[in-house]
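Each of the next two complexes has chain A plus one more chain, namely chain B in the first and chain C in the second.
Entry: the complex of A and B
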């Protein structure tokens, strides 16, 4: 039920505004996190990860402000292209040369970053 | 709890992505570290600041913990109330007695140094077991880079202009950790690049029997005028030149401990040069600003060394 209400609010556009009784009491946000908002579209540069050079020290994961570094089982697993804003902190802080580099262009829907 | 990145990365983050913060913002890095370090169930209180306006945009929220937004001036007062409510509910049997909560306030420097100072002072004085984390980006960044009590000497902001009459802010910054320490609270200065130190301080603070305050250096790419990729690097330079030393005050404000002494103390120029807000320091005829800045940093550092030596 709560999920449904949230979904209807998220679709906020002029054609389907929720009714007052569909909005949670006191305007409370029952969200599961804002990850479905794609901040990746802001990007003008994108990080490119070199799997061969990477030692999975997870420094990029720690400092990534967007939680866009995917980690599975304590190992670096890739970059979440729909969240990465392309700040470049990961590439700047990476202790290994060539493991993470920034390239121009932020194409994000179909690029394999 | 071990502070191991491999183990931490397997836990679910309590602050998610998708927040509308600027590119390269230090605030989520700090929030992530603070929430990972919290040993019990965290409850977050957030006064108005950059973090609040961009992480809790209706109908989205980036927080996976109970989260309260309140006005600028009363964050610490709300946290005190929550802490008392937990005690009262436990007494009446409405909450399990063994369930522990970590009440954490995360506020910006405007809401801490200036507007929220009286509430903070009240919280520290009454001795509530709350942790106040201030992410110190040195100005009111949310409303458009106005000077605050945390803005360093000589820095340009939109309300401390650089021109023939004055060169940036004329006053040195407020030392809020000393104010918190004078209340007898656990007080610490930390920085986001020293994650192990920051997480340890959060754990110490939350296990401390009394109020606690942690001031965290948060270089703001937008307001400090540097490229977004340099956030962590600038923080490191700030600590290495002793402008933002890492230290803590425990034992009711009596024991001062310096956590990091730079092997080679960098000149402040290395810290000032990459930042656009100090660009006028390097213009001809303004060399005295660098000297004055260095003098202030040295003076504070010497004072800190003396305090650590005495205790």
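Entry: the complex of A and C
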């Protein structure tokens, strides 16, 4: 029996992978965004956010390719560690000195993001 | 208004492309396909088509541009030959895997080395596993009709696969024959409007295409493509039938010539079928029950149709213009063996590689193949299975 799968490629649950006839034509992803992917696992460098220097201009949010900049009530609210792939676009585009800095290592341990 | 004019195979392909008026043609000229590009460029310059003609720097770029435009949801065509097809090889798989209904005219020419611009079918037969539909044409009329049908086949929503229309270089591409052209309106109506299933530029329904597909998905993705190619047989027949009903020339997957009561037969594709017809007529005049089976569709392989047509034949020879070095037999021959095995049809089958690098395959040479078949039919077993026609030092 065919199981109904809305967007099979995005279902990363290995226990219910779709059959060949359930995959969208040419394996296309039929919805926007990439939030279902744990792109955070790719990271070898990490951005560190300095709340004191940040003006919440949201340029980092605009440029981030993975929706990793958290925004609450129109204000910058931190970095989503499971989505941030460490590309550094946020730090590169940030207009404020010291508000967003890239550091070596992908792991967020003690430092609060 | 329909009209009958003298056209070469290339001219017929260009004329069909003019009437199809695809949104995008990305192309690079190469002998013996050049005449198609020249003629089509004139149509663009004269404003006879609305096509965006993209002049690219190589065939790899030509098919890459075609993949882009097809993915963006517009009707896309190209044409090439030999080294050009070889340079496209990477993109052939990408077009098929992404299920892009591109129509390409391939003018069959041999592959270097040694360098040679003349006809054989080693280019397209060598691309047999790329996942394209491959249709072979005997003469300019078939080229014209098949290019038009190819658009309908490729763009069918159950098919969504690229189609390669093959014609023999020089023999078909540069020889002029009377070709009946349909009215522009008839062609437009027959092919209809292209309704893409995937459209990368549709902002209302955003998609991501050409995705990285890892081991959990690749196999299933590939099988969906295999299944679509297999199923496309029905559509190829349906479109060929409808074309016949509307315009009087009917097409199928295979075509038998004096095959019904034949005891010996040649199986071939492309222009050699035309020459073999002459040989069959002469043999029939001598009371020899000779027949011909022309394979129009090589991919998907017409397993049942071919085995059905051959089941009462006592001996048959597969004549093909390509060689598979190191293989148990050349490509078409090996495929036919597999098809007959699958259908449990056991006949005496021999192979003839012929006409490599443009060597002429005249009627008298095909007569020798039929003579060989008469011996095989009489003795009940082939003396030699792999044969090379008119190769010096072979006999």
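By definition in this document, the second predicted complex is superposed on the first by the 73 of 113 C-alpha atoms of A that agree within 3 Å, B and C clash if a C-alpha of one lies under 4 Å from a C-alpha of the other, contacts with A are read in each partner's own complex, and residues count from 1 in each chain.
Heads up, the rule we're going with is that contacts are C-beta pairs under 8 Å (C-beta built on N, C-alpha and C of every residue); 3 or more make two chains touch, one makes a residue touch a chain.
In this text, all values refer to a predicted model and were calculated from it rather than measured experimentally.
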item	value
Partner chain in contact with A:88 - chain B first, chain C second, else both or neither	first
Chain B versus chain C, judged by how many residues of chain A each one touches	B
Partner chain in contact with A:26 - chain B first, chain C second, else both or neither	second
Contacts of A:62 with chain B and chain C, given as first, second, both or neither	first
Shared contact residues on chain A - chain B and chain C	9, 27, 29, 31-32
In the complex, chain A residues that touch chain B	6, 9-10, 12, 27, 29, 31-39, 42, 57-59, 61-68, 71, 73-74, 80, 83, 85-89, 91-93, 102
Chain B to chain A touching residues, read off their complex	5-10, 13, 15-21, 23-29, 32-33, 55-64, 192, 195, 221, 227-233
Contacting residues of chain A [partner chain C, same complex]	9, 14, 17-21, 23, 25-32
Complex contact set, residues of chain C against chain A	97-100, 160, 197-198, 205-209, 211, 213, 216-217, 219-221, 223-224, 227
